[in-house]
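One structure, as structure tokens, below. Some questions next.
Each chain gets a letter, A, B, C, D, E and F, in the order it is written, and its residues are counted from 1.
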């Protein structure tokens, strides 16, 4: 769970794809929570960091998982020096400070987390903290943002409609080629021609059908690949260890991916 | 879990649909518990808030979930400053104060909660608190209200008949068009023509058959959409992020929903 | 779990159906435990309260559930004021006081409860309390009564034969019309003609075949309906919220039930 | 779990069926553990009590269940008066005192109990108590007796061969008619003719095929029936509540059983 | 779990079957761990005791089970007299003393035990004790021995290849007739002719095909049978209670086994 | 879990197979985490130890398992001498010291470990320690390395794409014959001809198709076999206990493996 990231004058680089920045800002102004849907490594976390900096809000990020409970979000009593003191969780810290609480991969969290999300996501906008007897009224600046990946959900892990229908929702996808090109250059320092080669290769890899691929290659891995090439690694090796091997364990799939790489960087 | 909401002179807006206010009041006068059935976001929580204010009763709301146990409702011993003190749960607070305890989505709660609900929902109307040795006799003002959504139940999550047959029951559905029109205008500030467009659109979306929709669009989302339009967002974008994307992750379903939106707000 | 209900001079109203009062008393005199089988809301709990009062015995009632363990019945050490003290559970209190311990829906309890029920239900009639080193010999007045509903059992929840064959058993069913008429009048204050209409309606509803009904309408719900009619609610509305809606969520079933109501109270 | 039953000069009544008393005694003399197999209520517990008294050994009986762990058998540290003291479990008490430890329905216990049973059931005959650092060498008098019911086992609950093949085994069944007659007379005080009628009836009920009966009627229930008849209950009623209703919830099965009763006690 | 068995001048009787003693000793000299596979009661535990005594090493035996965790092997902090002190588990005691740690039926243990077995079973030979901050380097004398029964494994319980391939492995089976004859005479004191009859009978019982037998009769049970015959029990009875009843609950299987006994000891 | 292995001047022997050392070093210089895939006993752990020594970095190795949680990696409060003190876990120690944290068989760990791995494996490179309120920025030297075996995964145990696509990945396989020859000689001291025989045998065993083998024979077992031959064991016996018996329990498979051994070392 993330400690607060205080608003800074530095705004993390984010290359907008469509109207997502405007929708985010208007939802925030109307005090509505947002749900972001999209594949792995397409920039959801970066987008939220960017918007928090643009709006001048502290950001509290939580990577959700099977064992994440309401207490992990709200806080708990800790024992220190023989004494008990209350320790706010990241959601409570976001409410108190009027910032953004971002629950990444929210469908992974334990179901008892909805007990604290529901009163914060209707017109009440309250966070009851039973253990301390407090009931916090979220200030206007507070915003709840959640995300998940619709292309890779467990059968048993979905948002209940009673939770889903409390959010304004945005769909993310891989960025358009021109946007992805800018991202790779900015993040890895690679020159335009080789970055373009990676973008073209990414398109080819993502269109590759009929193989055992849980998910297509992410922009993050393209950046990894660019960094390794910048550090002197040959393109073929960089593509193998950053774009091919991370995607699958199936020999046929790996061979097909590597074949696509060869058509782009071979000979 | 909700801290007590003390009765106030302010009565939350609620647009009655049929005889539900009268039934609620008579059940309360006869000291009978109530079960409310209905879809997501149709106004169950608002209705209970409204009735609590009308009857001048404190309201204690609990969003039930997988891990909610009897102790969460009744209370537990907490350790503070090296000392142990008893802390009433929301159900106990409702009984002591003669108010309403509202268990939202009660079928989600752990089964041991029935041990405290049963003696409160027959002619005994008692709440035994084993840990403190107390046995509270509910005052005449106390009322237990539970709700769940019959259209979205897990196979393993239902109320046992021995629990169900302890409640007077009310079915809620989406409000009639005239009622929903009034709600949207009141909550979002939208003018009548555009609010009417949203109501018409809602009817079309709810009648859309043959798609992968867990639940139809709620009045809450219509209010969200109205708010975003009031803040200057184009109707098409507002409908996409507030009425379409929150309903499904399936591309065909999303396309079909967006198509309906276009017939109402396009060109 | 119930705190002890001390014997009082007041004997709760119970309308006998057959020889159940005599069987109960003779089993008690022979120091044999009793198992009561029967549907929801047919009066099992009231019957046990009645017999406890008739025999002048304190009564300890426990609503069993998934998490009910042997320690919940026998007792446990509690920490209070930095000190540990033993706290008897309801079964131990019943044994010490020579009263009745009534385990309602016993099949729901955790399996480790049988460890304390077995030595109390054979000729030993002892309750060993391992944690305190005590072994209580049940006095002649002590009686164990358990109940469950054979019509609504989970596949995995039954009494093992080694437990079942330790009890004398009684089957309960809905009371005969004349008995049910008396109960409704007594409990709701309704006049005889309208109470008779409810009894007739109950018979019609219970004979309704071919629908998705977990269990037939209980006498308790008829009493609820009578109370609502006494408070001025129209018979049609009272039947809808007290007899129809609590029984099912299936629209066809609800329509069929409501149709039966109309033939009795319509026009 | 049973506190120790000290050897007494009183020997509980037990009617031997075959050579089981001799086998038990010789196994005890050879320091071999015994496994008793047999149906519910056929006298296994009584047999062990009888043999313990005959051999002048203290007896420690444990009814096994799903949650019974090794610590429940061996002992644990308890906190009392702010202090921790070790408290022997029934198995440890049996080893220390050179008595019999009887684990009833041993297949129900948690699997970690085998960790303490194995070194006690091979030639080592030791009980290591890890928590206290002790290792007890069982004295010659100590004997481990376990039982279960092969006719009513869960699929997942059996003794592993590595455990089973550590025991000498005895099969029990319902006693022969003459033996059962003696038992009923001795236990209930019923006269010979009526006791004989019950024995004849038991044989008829046990031969009844083709019905939903988990297990045949036990000798214990015949004794119950005799006691109720002795207290003045009519034979038909006594048979219904003691021999028919405890065996099944299925209406057809109950009717068939009652029909057999009528042929014996009717008219 | 076993307290340490200090090396003694007494060497437990073990009748070697093949080269198992030499393999064990060479594996120990090369500091390689050993895996012993074989059926119930064929002498695995005795073999390990024998080798520990021959090599002059202390032996720590642990019967593994479902709930056995890494902490049970390594140790834990215990609270005593208001103070916390570390208490070594049997594996740690074996490492510290340079002895043998024998995990019997290792596949039954919880998976987190592998975390402590892995670094002890490769060239590192270390035992990290996280809770105390220690990291023990196993002395040359330390040896890890594990065993399981390949003929009676649960589907879900096997050793992972990454664990298996860390051991030198030995397969045990029932001893050859001459060896088994010597074992029975030595352990039970039976004379040669009757011991020979038991060995012949064992061979016949083990060859019996087509019946519901989880596992064949063990040498241990033959020794039991010999002891009971030595104490004066008739061979037919001794075979019934020691060789037939412990093997099965199925009446047909029991009858077939008893028939084989009759051909050897009948008439 | 491993205590820190401080960098030493001694570099563990590792025979490179391809460009894995260069890829590892460049990933480390670019501050990218690495995922190593490969079969049991092929040298993954040795490779990581080697690289840590070459780069002069402390190494923290964790063997993952079912019960390994985020707290096991990050640290926890321990109570000692009545006082509570924080104790860093191996991941935290690796971050603080700028070393390598190696999670062996990472797919076995509990899912809540991803919560601490995610922020360390994107451009943030932070480790939030919620319990102490710290947020560590990983120094440039820190590297996360994880491994698993794609050929032996449980159905339910895979890395989620959102985790996988955060790593540069390397595939390991059994070493080429010349490399394996060098490893066996170095580790066991065996002479070249016999080591060559083992390498040839390994190839034959690994090509053996159609048998019940979870995984092929590892280089580790070849080293075991060489050590036993060095200590004087006959090649046939050494191969049986080190190469055949550890691979399978199936008699047909064992016979087929032994047959291959005979063709190499027989006669």
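Everything that follows uses one rule, which is that contacts are C-beta pairs under 8 Å (C-beta built on N, C-alpha and C of every residue); 3 or more make two chains touch, one makes a residue touch a chain.
Keep in mind it's a predicted model, so treat the numbers as computed, not measured.
> From chain A, what is the lowest number of touch steps before chain C is reached?
2
> Spelling it out: a chain qualifies if it touches chain A and also touches chain F; which chains qualify?
Per touch definition, common to chain A and chain F: zero chains.
> Where the CA atoms of chain A average out and where those of chain E average out, how many Å apart are those spots?
So the centroids are 53 Å from each other.
> Could you grab the centroid distance between chain B and chain C? Build each centroid from C-alpha atoms only and quote it in angstrom.
30
> Please list all residues of chain E that touch 2 or more other chains.
82, in rising order.
> If the ring is traversed from chain C in the direction of chain D, what sequence of chains comes out?
Loop order (chain C start, chain D next): C, D, E, F, A, B.
> Please give the residue numbers of chain D that touch chain C in the complex, ascending.
Answer in residue numbers: 1-3, 40-41, 45, 61-68, 72, 78-82, 87, 89-90, 104-105, 108, 149, 152, 187, 214-215, 217-218, 220-221, 224, 227-228, 230-233, 237, 241-242, 245-247, 249, 254.
> Considering only the defined contacts, which chain B positions touch chain C in the complex?
Result: residues 19, 22-23, 26-27, 29-30, 32, 35, 37, 69-70, 77, 82-84, 110-112, 114-115, 118-119, 122-123, 126, 128, 130-131, 133-135, 150, 160-162, 164-171 of chain B touch chain C.
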